[in-house]
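Just so it is clear, A, B, C and D label the chains in written order, and each chain counts residues from 1 on its own.
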């Protein structure tokens, strides 16, 4: 990896903002959670935060959105703080090779999800948090507040309830894993906490700030607090790269080349080790579940800056 | 990624060499190809080549071995030179989520293999080479000679014949893909070329040299020849990271954190962008098909040097 | 099919009773429902009822047991009475080719179970009953009382509660099918009714009497009531033959050759068209989930009587 | 089963012949073997042979066609004559639950096909014949000549060659099973014999005569020769019922209710135990691979005659 002496991030963001315009308004917003379907599709925002705290942004970077599966990254980190490597006895670290909400592999592999970023894996993570915290969703909100430095963050109750009313597939998974003994808390409690932490609302700037600890060797750059040790920060980043963008992680690594985690709300967070955190948001999705304009923007970002892992 | 001002690679290799001794003689050598089963299991060699050409090595680093699936990396690069991105119409870029020789996904996905590093994908790559070259195995041997700077490299005819006599599963795959129209040359020709390029014999030093072009932005550091452009070098490296170590790629990225490609002969090649090429060899395998001592050695290497992607 | 002028059914049952003795006490009683695990394993009973009402029996033929999946036959018949062929839009008529509680095929086939005799299919059947009846389990108990002529039949509340407390896999299936829109009542209601009708207690004589309507062209031989028309009786019998004995239906048809439905309580009901109803019970199961001594007894029965479909 | 005192089979066939007219010319002829695609689609013939040798027929009942998978029934019978129940160590007796040419289950179940009527199973059967006979296809042709009483039967070399040139999927299966050690002869020999016996040409009258031994307790009614014992005849018939009509066997048993074996040439043979053999032919297929008009005709046949197993 070459560190160019100077990158004009603002110019890069402005160029990307202009380039993605033709992509907006042509895709589909996630509609499996009714509340999410109400979001206007043609929005786009992007934010970069370097480790010295400088923020660069464009478009709708200050519009809050439902972070959805991006919360899986924070939930994983918090669960990892709680139980460390014992976590890997209950959830794997391999790409799944199938859809994020598939039950097939769970059956073949006796209720152990492939990784913490597919729904089944995130339910196990949530189960860990339910065991550790009386109010796991509050614990997670507070954790994300500290990471982003924004003490006003909250989850959106309507979105949580909307998903609770329709999330039969997640209930199927949770019951299935419970039947294998890999989920221990009452299914309703786990689903409840899961839907709440997926419903956290954040904007792109806050998310870029919240992910920066991974670029900073596991240390929250805004507080100096060690979130995870440096080795674990590297390892969580590796997991993002191989598993963070649904069933398109291989393609994403190929095209973008930095660790990312996406959500069906249209957000994608990523980071470049030792350099920056980044977040892009645009609600219209590719069939893979990743933001269409967001994926393109990140590909352009690593190309224009010449910065990627490889 | 931090570039430490100085890493004493030789000391690191010597330490690793000492550390792996207790692992040797406890695993299983690949036996599905009868010729391979004859290799003594407790051997271990490792070599590092920095981009200035300095070679560091330990143990059996100059003992030649059958590179087997490591050849898939060179075959992919050569096929990519031939047809470029058109390659991805016939083979995907996603981790497979199943065993390297599984036919299940081929059936679900209509004969298009998940990636070029599983057997089915490598057969498609070989098919591309069969279309382009009269003697694809000769073309590949010559390509690897140029990459490594060793003009005496050759494939081992006995190993090739041994695999030819027993490779019914590869024949099954090739016929299966032919039934979907995704393989176009006669099955026997493709299998023949495939077995030959898997049977190339190289030692760890030569392999560390041969992979260095990927660390060097696509340019062969020993000749100055552009093998692939810089962007493609990054992308092939991303593919190694997500798909290069069989069904343990996620775990490998988590533990080792650099792009690698392994083979059942016990070899693993890898590289650190802008810094070095590396190869480790030890014939005893983990259930995943990766070298047991080799995997451990690479994990120690990135830990001890503090160098990885993340 | 030849109708032998005279078969001494009592002699046949006595011979079978003697023959199965060495099989008893060697298998495993179902233990996934804790209440069921308490049943003594070495019991065996068998009953034959010819269409004139004559009863032949041996062993523990008057010991009541938990009919479990045998109830799927009665539930299907009752649901078929309610909605007729419209039923087949929601559940298929094909052998599943996989375990009775697998979720894999449900995913591939968009929430439509393969047949009404696997758990997923029986949940759809129960959903139909939940829509039609305020108290579906009461409706089913009354239906079975009429079929058997025993007005005292009841379900066992402890068994139902035992399954309710542990049936996470059935809840997984029900939620999964609900996510596809193929299950319409609240999951808890469906599971509740399902566990209750599986927990009906009957003895072998009553079950042999209850299945006799299928041998009698759809007409309850004890009351003259038409349960289903003659064509439907044939068709339900065909379904029993191809799908009635879990994933061993092919083997069962091969060895036994009459339509049967088995349950993990160890009961198996069957019939010979125009001739008789039969029930055998022995709690120890084969890996397929069918009663071990019961399967053997039915094979001997069709051999010794010379009566089968073929 | 009721044996009506008299059925006017000719009237039944004439009525069916009239009824199926609107179905003809609307379906698709099999085209995966180029030679088969040349057959005119709107043909229809049907023949019934009672055990006293009386022949009833209608339409194109004397037009020869390619029997294709119907040959699997004769090949199985011949292989069963050779090795008896030892056969079931190499091939199962369960419905497959997946497409007739799927490789998925082979992988899960270690190269043992589900039943002898899917392609993989028929290749194992052919492998048995290759071991037993120097010219397996000649042995099978002679066997079918004896069963039908037509000494002029032959296989169609053009059809055999057409399938040989395109049968990559069958080659994939054969190599796959060879990799598991469940196929022992050279793959090319097995494929060769398989394509030849699928290419036997027969007309509906000859096929109805050839299947009659199964209705006659295993004894060839035209010669008195015992083909298989009575118990085996029943068992092979059970196998036809549960597995004989591709992935629609459950539906077929439900609608038609007699043991049948179909082929993509459009032929379906069946029998009613103790009564008759039947064959219907019409080249246009349902998506399941069974003849469209043929399936309908058999459903009407069992309804109009009141004769079925159940």
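Definition applied: contacts are C-beta pairs under 8 Å (C-beta built on N, C-alpha and C of every residue); 3 or more make two chains touch, one makes a residue touch a chain.
Predicted model, so just to flag it, every value in this text is computed and none were measured.
Counting only chains that touch, the fewest steps needed to get from subunit B to subunit C is 2.
When chain centres are set by their Cα atoms, the one at the greatest distance from subunit D is A. If each chain is reduced to the centroid of its CA atoms, subunit A and subunit C end up 48 Å from each other.
A separation of 55 Å divides the Cα centre of subunit A from that of subunit D.
The distance from the centre of subunit A to the centre of subunit B, each centre being the mean of the chain's C-alpha atoms, comes to 32 Å. Here, these are the chain pairs in contact: A-B, A-C, B-D, C-D. Listed in rising order, the residues of subunit A touching subunit B in the complex are 1-2, 92-98, 105, 114-115, 231, 233-235, 237-239, 241-243, 247-251, 253-255, 257, 259, 273-274, 303, 308-310.
Contact residues on subunit C toward subunit A in their complex (touch as defined above): 102-104, 106-108, 168-169, 171-176, 178-179, 187.
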